[in-house]
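Given below, in the form of C-alpha cells, are the structures.
Below are two complexes that have subunit A in common, paired first with subunit B and then with subunit C.
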Partner chain A sequence: MMDGPRVETGRAFELVRQRIITLALAPGSAVNDQRLATELELPLAPVQEALKLLAHEHLVRIHPRYGAYVADVNASDLGQLSELRVELEGLAAALAARRATRDDLEVLDAIGQEQISADDPDPRRLFDRDHRFHVAVAAAARNDYLAQSLERFFGQSLRLWYLVLPQLDFLAGAVHKHVDLTGAIRAGDAEAAEEIMREHVRDFYGQVRALLGARDDTGPPRSDRRGKGSGDR
Partner chain B sequence: MIPPPVSTDASPDGDRPAALVLGIDTGGTYTDGVLMEYETRRVLATCKRLTTRRDFSIGIANVIDGIQIEDPSAIRMVSISTTLATNAIAERKGRRVALLLIGYDPELVATFRLARRFATPEFHFFEGGHDLYGRERADLDLPGILATVDRIKDRVDAIAVSGYFSPLNPDHENRACRAITGVCDLPVVLGHQLSTRLDSVQRATTAALNASLLAVLHDFIIAARRAMERRGISAPLMVVRGDGTLMTDEFAARTPVETIHSGPAASAIGGRVLSGLDDALVVDVGGTTTDLAMVRDGQVAVEADGATVGDYRTSVQAARLLSIALGGDSHITSAREGGIAVGPERVLPLAQLAADHPEVGRRLKALTRRQPAQSTQDRLDHWYLMREPQAGLISTARDMALVDLLRRGPQPVADILKRLDVLHIGQLGAADLLRQEVIGRAGLTLTDVMHVEGSFDAWDREAAAAALETFARGCRRGPDEVRALIWRRVTELAVYAIVTFLSGKRLPPPGTLDADTDTDMGPWFFRNSLEHSHPLLDTSVRLRHPIIGIGAAAGLVLAPVAAALGAELILPEHFEVANALGAVAGTVMVTEEILVYPRLDATGIEVLGYIAQAGDGRCEFGELAHALAHARNLSRERALGGALRSGADNPQVVVEESADGLELWRVSAKAMGKPRLAR
Partner chain C sequence: MTEPHGPAPVAADPVEVGSAYERIREGIIGLSIPPGAPIKIDRLARELGLSAAAVSEALALLAHERLVVITPLHEHGIYVPHINLEELDELSEMRLRLEGLSARLAAERAGPDDLAVMEALLAEQRAAGADESRRTLEVDKRLHQAVAAAARNRYLAEELDRLFALSQRMWNAALPRLGAADALSAAARSHAGLVEAIRARDGDAAGRIMREHVALFHAQVRGEFSARVTIHYGRDAPSVGVEGGSLLGGAIIAAGLPLEQPCAGRGTCLKCKVLAEGALSPLDEHEQAGLTPAERAASYRLACRARVAGDVAVTLAPIVVYSNKVFGGAGGRLRPDVPLGLAVDLGTTTVAAFVAPLDRGAVVAGAAALNQQMAFGADIISRLDAALSSREQAARLSTLAITSIVQAMDALKLTRPQWKRIRRVTIVGNCAMHHLLLRLPVETLAELPFQPHSRETVRISADTPDDPLSGLFPSGAEVVLAPLVGGFVGSDALACLLYYDFDRAEAPIAAIDLGTNGEVLVTDGRRVVAGSTAAGPAFEGLNISCGTRAVDGAIVAAAAALGGQVQLTTIGNQPPVGLTGSGLLSLVCELRHAGVIEASGRLARDHPIFGHRIGTDASGVRRFLITDQGVDRRGLDEDEEASRVPLYLTQHDIRELQKAKAAIRATFDTLLDRLGLHPTDLKRMILTGSFGSQVDTCAILGLGMIPPMPREVIETSANGAGLGAALMLDDEQLRRAERISTLTEQIDLDLDPGFDRRFVGSMALAPDGG
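After this line comes the complex of A and B, so read on.
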C-alpha cells in the first residue's frame, strides 16, 4: 500500500492523545475504537492506527485478548519514568547550555516572559507553557534523538499533571526554576543547568508520588478507581 | 437534469479484473461521480447529486453511495476535483491567518497599496530578509516576531511567514518557523515551501491563502475518507491540482492552495479524454457559469503568471481559465433601448418553480391575458422561500413580514412590493436572506426558452411559454422574435468571451457602446464579424481549433458560437461527467526547482562561488558548471522521489534549465506518471 491515510491518522493521533492526556479518557479505561471514531468523526482505520502509535508512547496498552486500554498510572511506572526523565532532561539542559543558539534563547525568554506575566487562572494554559519550556530546552540541546525520546515521555508527564492538578501547587515555583535555568543556559554553565533541571524534575515527581500515595497496580487494568477526570465510562 | 446511471456490463478480459477508478467533481451546483475502467477509459457508471454547499462532504458521500457497483472494494483509486478552495477564498470562508513579513518594506507596501493583495488584514512587518545574492540584509528580529505571535496567537488559526528573497535563502523563514512552533501550536506555512518565484507579494499572498485553507482541506479530505470507508473503499485518494495534475491527499492537505481552479482544469482534461483531441477549446456550459479553458498538446494551458482567484494573485500553477456569468439559469431581463440582457444573475427557471408550485403556472398564464403595460418584469420575477431561516437571521420586522408572506408560496415581486408597502426591491433590505439562501429568486431563463423550444422538458413547459410570451409583450415584440434576440445575445456574449480570452486583448463588452457612432475599429470589427452588416467590408474571426462542448445546454448554446467562429463543435458522449472523468484521468506530477546563483564577497564585486539552493538544502561550488550539474542531478532525484511518494507509477523526468535574469539560473525537474493504483 502506498501513502496510507496519514492525514486522518495524524488527526486521530492528536485527538486521542489529547483525550488521554487530559484524562477525558481515564487511565485504565477500555477504549472502544468504533465509538471513538464516531465521536471524533473519523474513519475507523486511522483511529486504530493512532491507538497503535499511542501504544508506542505507552499511553495505550493493546492487550491481545481484552483489546485496547488507556495505560494506567502506577507507582512502579512513576518511579521508572522519573529515573529516566531526571537523566534525560538533565542531559538536555547540559547540552542546551553548551549549544543553545541566540534563537533558542529568544524562544526560552519568550516562554519565560509569558509565564511570568501570565495572570491566567486556566490551569491548562499553565501546563501548556510549562510543557513548552521543557520542549524548548530539549530542542536547544540540538540532539534530535534526545528530543524525540523526551517527546515520548512528555505525554506521560502531561497526564500526571492533569491527574494531580487540583492538589498541586508546583507550577508557580517552577517558573522561577525556569528563569534560573534559562540564565544558566545563557551563561553556558552546563553543570548548573543540569543540576537545576534534575532538581526541578525530581521535585515534580516527588510531589506526584506523595499525592498518589503508594499504589501497586500491575497487569491489564480492569477498573478505574481513581475517579479523577472521569472519562467516557 | 439528473441522467439515469449509465450501466454498461463490465466484462474484464481474462482472469484479471479490470482496474476500476472513481472520479468525483464537486461543482457549484452538482457533485458528479464517474466509475471508469482505467486502462480502456470506458465509463461504467455515472452519478449526479446536488452539491451541498454548507458541507461538501455530504454531496460527495451521496455520490459515492449512488455509484452503481457491486463490489466497491474493487475500486483502486479515488480522485477528487473541488471548487472548495476557490469558493472559500471568494466567499472569505478561509480561516483567520496572521501573515508575518520578514524584510518587506512597509513604505513600499503602503505606497503601492499592496496590502489588499495579502489576503488577510492581519499582517506584520519585521526586520530581516535577504538580497538578490542570498545575503542577509538585516538581522532577523526574532524577539519582535515572538512578541507579536504571543499577542495574536489566540485570534488566528494559522500563521504564514514570507521572507524577502526567501527562495534564494530560506534561513530567516526557517528560523522564524522553529521559534514560532516553540511557543505555540498553530500551523506555520512558509513562503519558500510554496513557490520559487521571486515575487515577494505573490509569495506572501500564496502563503497566507495556503494557511487559511489548511483546516478547510483537512476537513474535506477526512470527510471524503469517511465516505469511502463507509462503502468499503480502501484505495489511494488523489486530489486534482489547478493545472489538472494529481497529488496525494496528504500532499493536498499541506498545500491546499494548489487546488485553486482544480474543477475547471479537471473539466478541460475530461473534455480532452472524451473527445480524444489534443488541441481544442473546452467550453463547459453550466447552470450558473460558462467556463473556458484551452487544451494544447494534450495538456491544459496554464496561466504563466500564476493563478488569480478572487482579488488575489498567487504563484500557484493553474489552468488559464475564463469563467463568465452565463449559463442555463442566467436571468433574462430587458435592457435599455429595447435590448435584452442575459445574466449575470442566476435565478431559478420559472418552469422549474411552476413544476413545484402549480399556482405559479396559473398566475403566469393569467398574465398573458393582460395589457402589454402590465407585462412588467416584476410580475414575472418571483421570490420564494428556500428554507426556514434559522434563529438570529431575521433582524427586522420587514424581514419577518417578507418570510411570512413567502411561507404562503412563491410571490411575484410586484405583489411583494405592494404587500410590504415599498417602492423598490432595494428597500426590502433582504440581501442577507438572499445570500444565506433562505429566499430564492426565480425568473425567465435560457432553460425556460429551451422548454418552449422543446429541447428540454424536465419541468412545466406551459409555464415557460406563458413567461416568454409575457416577457415578449413587455418588450413590445413577438415571442419568436424575442427568442431569436435572446440567442443572439447569448452567442454574442460567448463569442466575446472566447475572443478576448484567447487573444488576451481588451474589447468593450458588447452592448456598452453604440457601434455606429464609435470610431474605434475593435468594437466595429467584432460586431461586423457577428452580424456581417457592413455593405462593403466583411470581417470574421476564425478559431483554428475545434470547440469541445461540455454540459447539458452545450449543444444549443455553442452551435451558433462555433458557426460564428468557423469552428467545429464536438459534443462528446458522457459530457455530463466530463469533470469527474478529468479528475481521474490526470497524471501525477511533481516539480522540483533548484536556484543557482553566485555568492559574492563583501564588496559585491568578486564571485566567491556558486550556491545551489534546493528547498532547504544548500550546496556551494567553485564553478558555475559544477553547481548546475549538481542542480540537474539533485532536481531529477528529488522530483523522481517526490513523484514516487505521490503515487506515480514509473514516472518520467524532464529537466529544464533557464537563466532567470543576469545571475540566477533555474533548474527545474518535472516528474510525471500515471497514478499507481492500489494492489
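After this line comes the complex of A and C, so read on.
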C-alpha cells in the first residue's frame, strides 16, 4: 500500500506554523522532526510533510544534508510584505463593508469590545485579539482565497512583530482604529473601511520598521527570479 | 489516524519532487489532467517515470496550493477540483487588486532590462496566430510575470503566480469556446498600452490599464460557464459553474458535497438519486427504468446520468428506507380490483406509509423512510426556523416532506396496477409537519400562544394543477389531510385517539406515542386531554453515538448475562450496526438492573462482572462496550465485506435517554393530575410509535418512563397514528375524527407551573423516578 499524502498533515502544518510564527521555534534554529512529532502527539510522517509545506511558504528551510531549519527573520522583507498586506487588508475591509452580515458585525463588535475592556498587559494576548479581529474582517469579505492569503502573510509578518513585541506601543491606538473600521463596515462604506484599514496596516509597519531600525526597504532589491517546489530563499 | 509507529516515509529526492510538482501542475493547468479527475499516485508515478514518493510529496504541495484536493481515502481520495464559478470570481477579485498594484509598482521601479523583456513578449504575442489561443495565453502569463518581476516584490510576484495558475486552469477550460481571437487580441492591445504606461513611469495609468485588462478577460471567461448548479443542502446552498453538458453528479461533488455513486455512473445502483429542477437533459433509459412514477413526478434524477444545460437547482437530502421487517404491517394479500387507500404518518424523523383496501380498512402492508427534512436539523424548531428564514427554504421543506412520502410509498413496493388502484390518501402529522407540507404560514406555530394557522380538514384532488402534491398520486385520487387538535397536538395524535377509541372509552385510558415528539393522551372516560413534549430523537435512534434507524442489523433488544456477555437481538438477525430507540431502552434497563448504570444515570467506574467493558473515549467520556463485533456499512456496496468495529453506549447517550424519558414522564404526570387520576386508575395504557410493538414494557416501567402500574394494563401497539390514518380513509371515521378533534383539550405544558419541577424530578432511572 502506497503511503500517500495524508489528512493529518494539515493539522501538523497548523501546529508547527503556530510555533514558528510565535517564535516558540526560534528563527534560524534546527528543527528536530522526531521531537516535534512527540511534542505534538502526531505521527512522524505528517510532521515531515508539514515541514515541506512550510518550506514552500518560506517559513522553513530544508537543507538536503543537515535537515530542516526555521527560516531567519529577515527585516528586509518588511517593505515587501507591507506593500502586499496594505493592498489585501484594504481589499478585505472594502469587501467586508459590502458583504458583512449581522452575524459578522456581531463578531467584530464582540472582539472590539473585548479589546476595549481587556486590562491585560500580556502583549501576546493583545496580539491574539488583534489577529482575531483581522481574521473576522477577512471572513466577512467572503473570499476564501483572500482569507487564506491574508493568513499566510499575517503569519509571515507576525514573526517580525513578535521580535519587537516588548517595545511595541501600537495596539492601544489600534483598538480605536478597529472600532472605527467596524463602524464603516456597518455603514456599508467600502471606501472609508478600506482607507481606515490601509492606514492601520501602514502605521503598524511603520512602527515595526522604526523599532527594528530597518532602513527603508521598499526600494528595488536585487532582481530575484524564483524557483518553485523547493524551499529556496 | 495513521499508526503512530507506521513505516517512516521514504524521503524523496528533492529534484524528483520538483520535477513531479512542475509536471503535475502543468498537467492540471493545461487540463491534460481534467477537473474532477481522480489521481492515483502509483499510476501517475509510472506515467511520469518518477518515484511514488516524489509524486506523493508533489501532490501534498499542490494540495496546499488548492490545485489538488486530498480527502480521506474512503471518501473521494485525491482528485483535481472542479471548475467553480464562485472561486473564479474570488480569484479575479484578488487579481484585480494585486495585478493593479504590480503594474503601479512596475511603473515606479522597472529598469531597462525589464522593459526589454516586456517588448520581446509583446512582439511574440503579435506573432502568435489567431488559432493559437493556448500559446497566446502562455505569452500573456509571461508578460504578467515580467511586470511582477519589475515590481520588485517577491511576495507579490509569488502570490500573483499562484493566483494566475489557479485561474489559468479555468480559463483553459473556457478557451475552446471563447471567441479566442477577439478576447485575446483585445488582451494584446491592452498589453501594448500597459507597457507604454510603465515605460512612461505613469503608475496610475499602468494600474488602471491592468485592472481593466483583468476585469475584461474575467467577464469574457465568466460568460462561457453558462451552466450553473446550485445545491441546497440544509441551510447551505453552494453554487458551482460548469460547462453545458457536464454531468450533474460532477457538479455536486465539485461543490464539496457527498454523493454516493457505487456503480460509478452506470445508472444501475440508483444511489445517486437527487432532486433536481431546471435546465437538464431529458430522462435517459436508466432513469426511465430506475425511477418510479412518483419519483419522477417529484423531480428526482440520477446524478450520474442527468446532464446540465443551464441553471439547475439541486436539493440534497438523505434517503433512508427502513427495513420492511419492522414496517411489514399485518400481512395479508391485496385482492385484485379492490380500490386501495394509502395512509401516511408524516413524522418529524420517520415517515410511514400504509396501504389498505378501501372496502375493509384493514392495513395489509407498511413501509417507512427517513424524513428528508433531517438535512435541516433533527428537531421541529430548526425546521420552523429554516421555513421562517425565506420563502424558498419553506418551499424546499415542503418538497422534502413530499419526497419523503414518496420514498416511504415506494418502499411499499406496489405493482403498477396496484398503484393505479389508489383512490384515497390520508396524511397525518404533527402541526409543524402539516403546515410545512401544505406551505402554510408557520409564524404562529413558533410563537406563544402556539396556534395553528388552520386546523380544519384539507381535501385536495391529486390532479389539482400547481398544488405541491399534484402528480404524486394516481390521477383521480383524493388526498385528505386530517384536522389538527391545536397548536402542538397534531393529526397524528388525533389518529391515535381515533384508533384507540378514546371517544368511546368508559373508563380511564392513556396512550403515549413515542417519537421525536412524545404525544401523551389521557381520558377519564369523559374529558380527553392531550399534551406534546419534545423528547428529542433518542427514541428513534438519533442523537445517540451509535444510534441507528430501524434498518437491518439494528439492535432492538439487549440482555446482560451474568458471565459478562451482552446478548443482542437485531433486525433480520444481521450483525449489529447500532442501537434503535427500543434497543437503547432495553440496554439501559438491563445495565441499570446489573448495577452498571446508577439511578442517577451515571455509568459506574468499575463493575465486578462488566468492568472489562467500561472505559473512556479520547475526550474522557465514560462508555460501555456493547460489542466489538459491530459493523459499519457506511459507504460500502451491498456485496462488500464490512470490517468489525466496536459499538459503545456513552454517558452522553444515557443522558439523552434520561431527558427524553423525563419529558414523557413529566407530561404524563401533568395530564393525569389535570384529570385528577391516579396511575392505577387506568384500565388501558397503550404505548405506540414507530417502534411500537417492539418496545420492552419492563424497560419502560423499570426506567420510570411511566409511573408504577400493573403490567396487565400495559399494551404495546405499533404505528397507532398510521393505523388511525388508515381508518380515516373512510369518510364516516373521518367525521368521527373531526368530532374528537373538537372535544380534545390541548394542555399547554409551558404554562403548567409544575412541569419543570416534574421534569427535573423524573430524571432518575428508577421505577418511581417521577
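We take it that the second predicted complex is superposed on the first by the 191 of 233 C-alpha atoms of A that agree within 3 Å, B and C clash if a C-alpha of one lies under 4 Å from a C-alpha of the other, contacts with A are read in each partner's own complex, and residues count from 1 in each chain.
Everything below uses one rule, namely that contacts are C-beta pairs under 8 Å (C-beta built on N, C-alpha and C of every residue); 3 or more make two chains touch, one makes a residue touch a chain.
The structure presented is a predicted model; accordingly, all values stated were derived computationally and were not measured.
By the touch criterion defined above, A:95 lies against subunit C but remains apart from subunit B after alignment on the C-alpha atoms of chain A.
Between subunit B and subunit C, the partner in contact with more residues of subunit A is C. By the touch criterion stated above, A:188 is placed in contact with neither subunit B nor subunit C.
In the superposed model, A:145 makes contact with subunit C only, not with subunit B. Once the two complexes are overlaid on the shared chain, A:206 sits clear of subunit B and of subunit C alike. In the superposition on chain A, A:107 contacts subunit B only, with no contact to subunit C.
By the touch criterion defined above, A:44 reaches both subunit B and subunit C.
Residues 2-3, 5-8, 43-46 of subunit A contact both subunit B in one complex and subunit C in the other.
Note for the complex: subunit C touches subunit A at residues 1-4, 6-11, 14, 17-18, 21-22, 41-42, 52-53, 56-61, 63-64, 66, 70-73, 78, 87, 90-91, 93-94, 97-98, 101, 105, 109, 111, 113, 149, 152-159, 161, 163, 166.
The part of subunit A that touches subunit B in the complex is made up of residues 1-3, 5-8, 11, 41-46, 102-103, 106-107, 109-111, 113-114, 132, 135-136, 139.
Within the complex formed with subunit C, the residues of subunit A that make contact are 2-9, 13, 43-46, 48-49, 52-53, 56, 62, 64, 77, 80-81, 83-84, 87-88, 90-91, 95, 143-146, 149, 153, 156, 219-221, 223-230. For subunit B in complex with subunit A, the touching residues are 142-143, 146-147, 150, 175, 178-179, 182-183, 218, 221-222, 225-226, 228-229, 234, 236-237, 248-250, 253, 645-647, 676, 678.
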